[in-house]
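Order of writing sets the chain letters: A, B, C and D. Residues in each chain are counted from 1.
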Amino acid sequence: MDFVNVRYVIKKPKLKNPILIEGLPGIGNVGKLAVEHLIDSVNAKKFAEIYSKDFPPQVFINTDGTITLVNNEFFYWRAKNKGQRDLILLTGDYQGLSSQGQYELVEKILDIADEFGVKEMYTLGGYGLGHDVKEPKVLCATTDKNLVKTMKKYGAVFKKNEPGGGIVGASGLLLGLGKMRGMQGTCFMGETPGYLVDPKSAKAVLKILMKITKIDLNLAALEKKAKEIEHIAHQLKEMEGLSKDKSEELKYIG
Amino acid sequence: MDFVNVRYVIKKPKLKNPILIEGLPGIGNVGKLAVEHLIDSVNAKKFAEIYSKDFPPQVFINTDGTITLVNNEFFYWRAKNKGQRDLILLTGDYQGLSSQGQYELVEKILDIADEFGVKEMYTLGGYGLGHDVKEPKVLCATTDKNLVKTMKKYGAVFKKNEPGGGIVGASGLLLGLGKMRGMQGTCFMGETPGYLVDPKSAKAVLKILMKITKIDLNLAALEKKAKEIEHIAHQLKEMEGLSKDKSEELKYIG
Amino acid sequence: MDFVNVRYVIKKPKLKNPILIEGLPGIGNVGKLAVEHLIDSVNAKKFAEIYSKDFPPQVFINTDGTITLVNNEFFYWRAKNKGQRDLILLTGDYQGLSSQGQYELVEKILDIADEFGVKEMYTLGGYGLGHDVKEPKVLCATTDKNLVKTMKKYGAVFKKNEPGGGIVGASGLLLGLGKMRGMQGTCFMGETPGYLVDPKSAKAVLKILMKITKIDLNLAALEKKAKEIEHIAHQLKEMEGLSKDKSEELKYIG
Amino acid sequence: MDFVNVRYVIKKPKLKNPILIEGLPGIGNVGKLAVEHLIDSVNAKKFAEIYSKDFPPQVFINTDGTITLVNNEFFYWRAKNKGQRDLILLTGDYQGLSSQGQYELVEKILDIADEFGVKEMYTLGGYGLGHDVKEPKVLCATTDKNLVKTMKKYGAVFKKNEPGGGIVGASGLLLGLGKMRGMQGTCFMGETPGYLVDPKSAKAVLKILMKITKIDLNLAALEKKAKEIEHIAHQLKEMEGLSKDKSEELKYIG
């Protein structure tokens, strides 16, 4: 096994000018949630797995008692209607653990993308605000200046100097290393408090992606999950509030 | 020396369709205790050592004043009776320190297993509960769905979504990477508080393994060790209890 | 992509016996500030970029919404007047993250320098004092004994056993590894409190470098930045002072 | 430059059946102090340097203002009298930072030793006790059982199960990896509190080494250093004592 390994689980599919869409774990798991919802909604088919020696040495246990080695997974979907494009979808359990591991992983993803003739990609992630957000905006960054105008049209937001720390991880690296290979790419970052997984932010990202891909998605499942998370967040806050009150009470006593 | 190195200490033994059983250090040292007891009981013979640049740069000092470089060790045992199978047993001082080191080590172990034609393996470990456990159950995960039923028959327990974090380390990785090579594998995880080495949990694991291997083991030594550990655990708790009482006393005063 | 990669963005320039001047991020960002000011002042031209798998997996977002993968950058400038020399200038976003990454990066920088026939280099950095400094001195260390006298003449200071910890990072390593290739090098370390970026210290370093390179620089921009930083430092100190007073007050109460 | 690099600074010396003696930085710097004193005393000559990408990216500044890249250094000394043997002496600024770096470094040291036909080596270090020690004993471990008796004769001490954690670092690894190459080796560990550099412990180690090498060393310089350190230790303890008294006083008040 090489440092990063690709394993096709079915015959390599023939795709026509496909778009790559990536969503790996990250802040609020926004990108992963969005791509997983997209995969489920369009019923995309898994065709390859990526294994890396820079992933944790870990297997997950499936509900039937069998194990699966942690990995990243490639899915494909073929365009159904006019205006749509074939899709390659990437999600997974982990990003690389080390800097070198991240670069190796992204280079391998781009190698696969190259084999399929990918010229355009979208990388999805979260932008952690550290506070609540009613209506999450979707920040954006691109490989090419001419894409900026297009993405604004679709509702993405460009804020000068935000995120100030740039984009860390696969979503940024795919754009940075892809650009050197002549690929165009756009990163969408859904605003998120960043404390919990954030289906609401994933929904906001998908809404823009729906316009770009001309695919109509039912977002009800994400909305339901969002409500559950909101409920949990509310409960956590109440508990925090209680313990704060208590500690304040204690101060009066002490 | 390569990153991971195998060194045969005797001529490579000829084995017939052997089973690999692994028990390296981990939670409660359950796997290591179990395999070491098995090695001692059947009087298995060491045939190879594994050295890795990802093990600590350390030698241990033997009772006779000589040193031994930290390593993993392979033993073998030849079936005596009908129904039994030849065994390859693996234990050692350490697992790999880094993710990459873990993958490299397990790949090398599987290379050796492949050379001996291993098609079936059992990896042993502990499942840390963080609290006392009267009768440790043995959780289980497998590479193949059809193994699940078999293992239940032997007394292993499958709990949905447990362990939630999957299996981390060599016991998981051997199954994950072995499965890709067409090997069947099962991981047994003995429940353990996880604070101290746990011979009681190792005993529970061996009880199941005895049924599978049709080998009759005398578990008295493990039982004796288990009682010693129980005694130590009891003493530790008393000390904790005392210091807790004291701190509570102080609270009344303060 | 190799571990460290060089990418020429224009045709390799022809330079005559050039001097290499390096200023990467470090204590007080002194070296980076100095080289960036030099690049801007002489209007040096970028000719190559260095990428490394040991840099963080990160892109920065430009003001126009496009991204740039973190890197180091080479600039060149051709001598205008008699007594001047062609320059190669190096700055960047990061140094290597790991020891090995630092060595690999510096070896690659020296490879490039070798290709241009560089025989002489200056590496710029800060020397953190941990306290305020009115007039920052510029400490110095060299590859060759005969350079010491020369640098003293230009106003650099040699203090026995300072910095006691030597020079850590690219500025030191360029000298250490360059010396083995027969290059002469000098490291200038501007004294700095080390808490904030320090344009005043960068100015002190550049004053010496101006004498060596016979290039006249307008340092007004650095002086302006220095005043801004001084203002910020003052404000921070006041805030600290206030909170200290408060805590002292509280002590009187408590 | 490879991961670990050897650079001969003079023509490779011809040595007859030399002994390797290693003392790199470690607990109490016992090994380094001992080998440095030996080098100075017999006026050994440096013949090679080792550089590693796993050493810190650092240069030290010499008293004349020039820099030296951190390294390890080989010295040699030719036997003068009957009963003496040629020596190869190894000391340096650092051990490898990572596990892999330690293994790579020690393999390279053994490669050099092999080239000179080294069959016997002594590695020197400290054994940290965490408390004061009047007369430091010298603990011992060897590659071969028959060496144990010899070393006892020279005054070294073998304590069952001590050090319990074995020997970590180059001193242990040289024995462990050297043994596999058929070299005989002994590690001497001088007892030391472990808080400060410990010339007294180095002296104890050298006293045994003097008997083995039949070299008469003047240990006055080490004794002087030992007294200085004792003085510093005393002062530190007094300061600690004072601050302890103070805090106790405060308790009475509070």
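Going forward, a contact is a pair of C-beta atoms (placed from the backbone, for glycine too) under 8 Å apart; a residue touches a chain by one contact, two chains touch by 3 or more.
Fair warning: this is a prediction, and the values are worked out from it, not measured in the lab.
Within the contact network of the assembly, the step distance from subunit B to subunit C comes to 2.
Here the C-alpha atoms of subunit A line up with those of subunit B after a rotation of 90°, rounded in steps of 5. Farthest from subunit B, judged by the mean position of CA atoms in each chain, is C.
Counting the residue numbers used at the interface between subunit C and subunit D, under half appear in both copies, so the two copies meet with largely different residues.
Separating the centre of subunit A from that of subunit C, both taken as means of CA atoms, is a distance of 37 Å.
Here the CA centre of subunit A is 52 Å from the CA centre of subunit D. Annotation for subunit D: no residues touch two or more other chains. Touching pairs of chains, sorted by label, consist of A-B, A-C, B-D, C-D. Only residues 1, 3, 7, 53-61, 63-70, 97, 101 of subunit B touch subunit D when the two sit together in their complex.
Residues 96, 99-100, 102-104, 106-107, 140-145, 148, 158, 160-163, 165-170, 172-173, 175-177, 179-180, 187 of subunit D are the ones that touch subunit B when the two sit in their complex.
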